[in-house]
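For clarity, chains are labelled A, B, C, D and E in written order, and residue numbers in each chain start from 1.
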Amino acid sequence: MQFFFEVLIGGLLAGIMYSLVALGFVLIYKASGVFNFAQGAMVFFAALTVVGFMEQGAPLPLAIGLCLIVMILLGVATERIVLRPLVNQPQITLFMATIGLAFFVEGLAQGLWGAQVHALDIGIPDTPIESLMDKTGMLISQFDLIAALICAVLVTLLAVFFNKTRIGRALRAVADDHQAALAVGIPLKQIWAIVWAVAGFVALVAGLLWGARNGVQFALTFVALKALPVLILGGFESIAGAIVGGLIVGSSEKLAEVFLGPYVGGGIEGWFAYVVALLFLLVRPQGLFGEKIIERV
Amino acid sequence: MLSSTARRLGRPAAALLGAAVIALGSGLAHGQAKEQFIPANFYWVGPYASGGSGIAGGFIDYFKMVNARDGGVNGVKITWEKCETEYNNARGVECYERSKNKGPTGASLIHPLSTGITYSLIDKGTADKIPIVSLGYGRADATIGSVFPYVFPLMTTYWSQAAAMVNFLGQREGGLAKLKGKKIVLLYHESAYGKEPIPVLTDLSKKYGYQLTTIAVPHPGNEQQSQWLQIRQIRPDWVILWGWGVMNPTALKAAQKTGFPRNKILGVWWSGAEEDVIPAGSAAKGYMAAGFNAPGTSYPAIQDILKYVYAKGDGEMEDKSRVGSIYYNRGVVLAAVSVEAIKVAQEHFGKGKPVTGEQVAWGLEHLNLDEKRLKQLGLSGFMPPTTTACNNHEGSGLVKFQQWDGTKWKILTANWVAPTPEDQKLVRSKMEASAAKYAKDKGITPRANCTDEN
Amino acid sequence: MEQVRNIGEPILVVENVSLAFGGVKALQDVSFDVCEHEVRAIIGPNGAGKSSMLNVVNGVYHPQQGHVTFKGVRRQDMNSHEAASMGIARTFQNIALFRGMTVLDNIMTGRALKMKTNFLQQALWWGPARRDEMQNRHKVEEVIDFLEIQHIRKTPVGRLPYGLQKRVELARALAAEPEVLLLDEPMAGMNLEEKQDMCRYVLDVNDQFGTTIVLIEHDMGVVMDISDRVVVLDYGQKIADGTPDVVRADKKVIDAYLGVTH
Amino acid sequence: MLYRETGQFKTSYAADQQIFPLRQDRIGVVATLLVAFIVVPLVANEYWLEAILIPFLVFSLAALGLNILTGYAGQLSLGTAAFMAVGAFGAYNFELRLEWMPILGSFALGGVCAAFVGILFGLPSLRIKGFYLAVATLAAQFFVVWALTHFNWFSNYSASGVITAQRIEIFGFYFLTGQSKYLLVLAIVTLLALAAKNMVRSETGRAWMAVRDFDVAAAVIGIPVMRTKLLAFAVSSFYCGVAGALYAYAYLGTVEPDGFNLDLSFRILFMIIIGGVGSILGSFLGAAFIVLFPILLNRFAEPFANAIGIDLPSGMSSNLELIIFGGLIIFFLAVEPLGLARLWQVAKEKLRLWPFPH
Amino acid sequence: MAESLDTFPRLLLHNAKVRPDLPAIREKDLGIWQSWTWSEVAAEVRTLACGLAAQGFKRGMTIALIGDNRPRLYWGVTAAQCLGGVPVPLYQDAVADEWVFVFQNAEIAFAIAEDQEQVDKLLEIMPKCPQLKHIYFDDPRGLRHYDQPEIMGYDELLELGREFDRAHPDYFLAEVEKGRPEDMAALFYTSGTTGNPKGVVHSNKNLITTGRMAAEIEGITENENVLAFLPMAWIGQNMFSYTQALICGFCVNCPESSDTVMTDLREIGPSYFLAPPSVFERLLTQVTIRMEDASWLKRKMYHYFMGVANRVGGKILDAKEPIGFWDRLLYKIGDLCVYGPLRNVLGMTRIRITYTGGEAIGPDLFKFYRSIGVNLKQLYGATETSVFVCVQPDGQVKPDTVGKTVGSVQIKIADSGEILIKTPGLFDEYYKNPQATAEAKDADGWFHTGDAGFFDADEHLKILDRAKDVGRLNDGTLFAPKYIENKLKFFPYIKEAVAFGQGRDMCCACVNIEFDAVANWAERRNISYSGYTDLASRPEVYDLVQDCVEHVNRDLAADEKLAGSQIHRFLILHKELDPDDGEITRTRKVRRGFVAEKYATLVDALYSGKGECFIETQVKFEDGRTGTISAILRIVDAKLASPDAAKRAA
């Protein structure tokens, strides 16, 4: 039983890490209806940039600050160069464009900073919390807990941003109805630029945490794959969905791998989350927090 | 003023023209007779770029050094051309087809540097009579040269290595007999590559009585919480890490997280480079891995590279500090074997003349890289002595073991470790069975007069 | 022109149908019938539940209560496919054409239920599939001829002006050779001339093929001119039912219209 | 301009509905086929056949399959490579386990296996749409590759899960050279493309497009939406399956499940987007672009950089290629979101009206 | 055998025998070109004839045929001829009242109508034409509930025919056998410019002899395709799409509807083509408009190559003068880039011979087609002469003549300048109008055409105008109004023009703009307008037209005889001249007298020097209602060119 909880908690904490990546997708999808496949590449790019600056001698906070600027520039440039010419195109086209963007960013990242893999030490030890281990015998990583905490702070920040600030409210209006937003005079293009910049920021946070966890290397782009089932579960447009979806995906895939895996030979983690999400969708096609769509004809 | 403008304008135009000419001419074998062409079809982008670029660097630098120091192989300059495979089968095949007819004698041999591409090239290389050298990867059963005349899994195959690893673990435990009752977990990358050692380790577990559990990590392996929680449940004595890419540092991190001692983890050679441990930071300390090349720059050949290539600013590596890294040195091994095969072939078919792929294959089948020869090459202790034969395309099956001390790899075993002779026989019989099946499937009649020793 | 039509027995009977979306009651206990060969109009102010009524009849929406009887088969909810195969066709309020296809292909889809070959035969083309295609094409051409849209036959529907799109949608419905044709605001957004044309087509259809027509329309003039009987809905409830003259004089109808639209 | 269609009138529906109603198009197609079947094998060298043309054809077929599903039936899929894998492994097993099975039969049955898997993973499409469905098809992608890697039966218990395609033999003739393999693939692709064209121009295709454009309206007309979607999945997967079998048998020879990864799925999705969604021709154009373009870039980038005096650090050229490729895709989508086929169509329309602009 | 091919029914049966499987007639219907072979046509005609016989149609009776070009109407013509009856094709777009005279004059008891519209019109005149007892309709749409006893569907008629044929299997052939070449074969009512129409009586012999003569000269074969898009009631249409089709056995193609003629023309690509100048003009207008929307480069290319074509195209077609290699090459390139595609989009790729007739054609218009390689030739003839009188022989085409006489046709120029004709195809009489017959046909058998003209040095006939219209200004200057009008009409922006001057001091003109072309022109200049009347009154449009007028003046000034008849003043009419209002004939000939009378106020204003004039006109709408249009029209003075300057410029 204790082992079950250990797996469960481990899964939940891993799930938070997935949510972190999923958040970036949700932000952009919510505001501009774009399924941004380049989010993974942006995570990689952010982490690599931080490490790059650090290797040039910048201390961590400065590197993060510089990287933030770079990410915001990237976000704004993306809006300008990629989204604007493609405005009013079907979603699939925008989606494809972000795949192109992903290639571009990946090439840029490795071109700028080299193909080398790097370690990223952000000062949080990735070791089990000893007191907890002593008391319960459960291994919970300090790093994972802190990551969860950061994630919580980030979500709170985003919630405040969306609900309390003017820009945030504008963003929500945009998400609800582009035409209407335009009609009441919300500058759509600026809003999109901001959203992409915010997504860049989220990518930076995700990049830092994932980079510190597994090292900064190309494989960071793959974390996007972990975020996809989270998105289906939680719905493309819901921040809360991204968090809850992440928790469900993280815990269920760990539990499945540990308790179901041995019966089929293991390695099922890769697809299990997708199948869970798929089955879930069959019951609720609009996702966890999506609204039921009534077909009007 | 005017002329400088003209020059500035002229350059791109000339460039376009040049590019066009190159593109047009590339299908043809071009002129100069005293050249030996070796394709450099590697990968500089994508998830595995760090490994690919390191190997490519060592590979090309060695040729540069040979050309600069010796003026080539008996006066035949080595030429090469890079082609980006992206670690992708289709691109790899395209690169192969593109490069196979270059140089006066076509491609001498090819290092696909990807198990997938190797598979895809077996038929083609055989048909084109171009040796496919899969050094440390690829099909283990290609050792059986009578069935695979143009495939060379040189030095050591996955199967031999698995057996050597068991041998090493036995040594660590104080004798192979001590393995009885021990628990060993194989944590492998869920792919063709990762599954390679399972049959050998399973067979050996029966023989030595250790308890083997295999745990798969789905690609890419950047999340291993559940696997390591399982490992924690099993509480094994050893974990064999058969990883690739991001899976390796993640495994070490997860091990740390679940409190598994890193010095009880033994990695395969694709899990044993700097790239695999640096991202894990301090979590990697104490981790051991196999390798068929030694790290470091102390070897005379490497010194020559620094002297003849880097001193002139002609090195492939942008970051000179990577010279001497595991992957770089592996590239040197790949190159050294290639050059040696060409030399052997030249000695047999005529010195100072470029040799064909078919002749290089003969050379590869008659390698005799013993200690003496390695010393001549300045590579003693750097790579295992290897002697090949018609029906032994592997040669040695020797590996060294190394340990990460937090900053660099340290060689643990001064001598090269091989599987025990019986195990070697066992591996060999598995190879023969597998090759026989292949021959049957493909309708191949094994070559006659093809023996284990020349 | 003298209209001589023999209006027959009820072919479609709606009994006590109620439909709600969440808390919104779109239809409440609505009953009416439609006789064979008649032109039956459903009118009502915006949001009265007219379109929902049609959607219930051909199985797009499933009512919580009530029954629909079509050609003697009584069921609580129709499904669209079944409705179509029993001979109900319809057009939509907001044009529901297949925008990526040509006019011809759009109308050909109306023949979906008449096609006899399967996809394998169609992949081969030669033989039965081609024959099938040709026969149905002939039928479709008759519809095209009937609605006088020859000149746009191979035009992608997206490029057509609104009025023509409406006509193409009618053509698609007609191609199915339906017994009952449901028309959801066939003349909305048209200019006078287009409306007159459309009226003529609707009456011609009714006359030539004896098709029963149920239509929703806002233009009172049109409704009163062409329909035999009219149902009036308001807030999801039936408030009147009868011949145009009766309905026109009904106090509740006058109130509903005066109260809402004026 | 070159189109002179005066006097090309149709006296029957059969003539009116033929694939190429214009004589000039028919001549063009016949000429293309003649070149493809006769001239190309005579003049193309091994490199062109084995490294460019065969993969081009195989990918075209896969793109065609995906185009049926995504372009015609409107169901976005990211699992193409998985269906190819099923086709490849299916064909391998039929060939392996049924001695009497002719190779073409194995290819077809491999396709049929893929079709069944396609139907299975197409089931969610009945409830979910758009990106939700796209991500759901990823489940197919990961599950299939996992299953093929994991269950050794599929690879005839080869240690690594790798299969080695048997030799292609038809009536005693062995397809070993690039030429013969090219011709075989070309013949299969031509026939399947013809079949696809036939399907999309008849009821099947119209039902697909109807469901794509407006599923409620399609249902109301009497098109069985569920069956139509599943048929699209089945046919699409069949094509991908056959493409997978050809990928294994005629192109690579030896394949591992990992070869059919998400990258490949994306690559094929790219093909149809660049080539043109909902266009048979687009599948071919897109495949040509995606197969050829990176190779061209690779061949030209470094010589070009060298020639203009930039010394690219090693590895940089590869990254530059990636950047250019990504950038071009964006550029291309901005310029012509409907793909190369659309460009061709526009050009053709212009030529037909020449010298008039409209 | 050949001797006996002297009636239309025999020609049909002959064709059914010698080329049973060649297509005889096609109709674009239900999306494709439905085709009938000669043997099928023969069978159809036989059934139809039997049906008519069953209904009591007898030798010598007349039958009206009303509608667009439809195979069934053509078969009605033959069927009637088989029974020894007389087909009377009528203009289908005429209002019902116009028919009353014809029905009464020809005592028509039978009619085959295309559709509901025509049936309705027939029903409308029935009270006035009590002898009309049988109306058959082709398209049953909307006619299901018509229960008048006179009305019957075509299919029902065929059913009767089949029954009759079964009962009297020998009847049909026996009736055909009875036919004589001298029998009246058809009755064409000419839309005379004044008074009641006259029924021109043609026998089998007239039509067949003339048709055969012309076909032999031009080498017409059974492989030709013609597009039947002009009114059946016009003899030209009959000659090309009926008489010659039966003589040569070629195929007649009926377009889907009048809206789709252009598309259908392009699809069929006829090899033998006849159209009045207005059709060619409309086509050229389209070309001009569409080219103006083309990109800059394309426009440049077009104009350059049209220049080349203008220079050498006609000569190359005539193959008379040697052309330099460079010009030939240029023309070849132009053919690839411009002329070929142009012929293609116009549907003229396959044309071997095309005639224009019925009216004079503007020389520039004429040259345009010839320069792009379309063998356009002028044809001179009249209803009374079975069309063919003069034709321009290949290689001797001059824009300003109508060519040489055909075969055994004789022409004599009367002292008054009037053209007199004797031809084997000359009409027998005006139906029941001996007085008119006597006026037109003198005792020696010469037909007085009423046209003025003369032969030039090469024996080519040159037509000036209607003899009575060629007049003089008060100062004695020659005034050929049609000549001036044609010059004006060649401009794409001008649709119709009416020139006045007879018995006046100067020449003035009323102009109709070509709405499409001018609207397009205006849109490109951001000139807004609310409709035809408004557009016609825009000052910019006046300027545009003024340019055209002054251009014509320069041309006129170049000709000594005509220099005095330059246009001094003009106005733009507020409405289009319309056959419904009687201003032009159905063949689009301006009824100058009628116009002068109707717009007397305007004409007065033109000559009184006023700057503007108020006008109110009654118009008839398509549905028969009438309404009025009123406007204040500006009158503008045009600049006159001096003869010397014009010559220098030329």
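Here are some notes:
We take it that contacts are C-beta pairs under 8 Å (C-beta built on N, C-alpha and C of every residue); 3 or more make two chains touch, one makes a residue touch a chain.
Given the structure is predicted, the values throughout are model-derived calculations rather than measurements.
Where touching is counted per the definition, the chains common to subunit A and subunit C are D. Minimum number of contact steps separating subunit B from subunit E: 2.
Across D-E and A-B, it is A-B that has more C-beta pairs touching. The most centrally placed chain, judged by C-alpha centroids, is D. As a whole-number value, the distance joining the C-alpha centres of subunit A and subunit E reads 76 Å. If you average the Cα atoms of subunit A and of subunit D, the two centres end up 32 Å apart.
Distance from the subunit B centre to the subunit D centre is 34 Å, each centre being the mean of its Cα atoms. Averaged C-alpha coordinates give centres for subunit B and subunit C that are 72 Å from one another.
Shown for subunit D are the residues that touch two or more other chains, namely 12-13, 142, 146, 149-150, 216-217, 315, 319, 321-322.
Annotation for subunit C: residues 60, 92, 96, 137-138 touch two or more other chains. The residues of subunit A that reach two or more other chains are 106-107, 110, 114-115, 265, 267-268, 270-271, 295, 297, listed in rising order. Interface residues of subunit D facing subunit A in the complex, by the touch rule stated above, are 70, 76, 124, 127-132, 135-136, 138-139, 142-143, 146, 149-151, 216-217, 262, 266, 269-270, 273, 277, 315-316, 319-323, 325-330, 333-334, 337. Subunit A contributes residues 35, 81-82, 85-86, 89-93, 95-97, 99-108, 110-111, 114-115, 225, 228-229, 231-232, 236, 264-265, 267-268, 270-271, 274-275, 277-278, 281-282, 285, 287, 295, 297 to its touches with subunit D in the complex.
Of all residues in subunit D, those touching subunit E in their complex are 1, 3-13, 15-16, 353-358. Of all the residues in subunit A, the ones that touch subunit B in their complex are 3, 6-7, 10-11, 14, 106-107, 110, 114-121, 126-128, 133, 139, 141, 143-144, 210, 213-223, 226, 253-254, 257-258, 261-262, 265-271. Per the touch definition, subunit B reaches subunit D in the complex via residues 11-12, 14-16, 18-19, 22-23, 26-27, 43-45, 49, 53, 56-57, 60, 82-84, 86, 88-91, 93-94, 96-98, 100-101, 115-116, 119-120, 122-124, 127-128, 139-140, 190-193, 195-196, 198-199, 216, 218-219, 316-318, 434, 438, 441-443.
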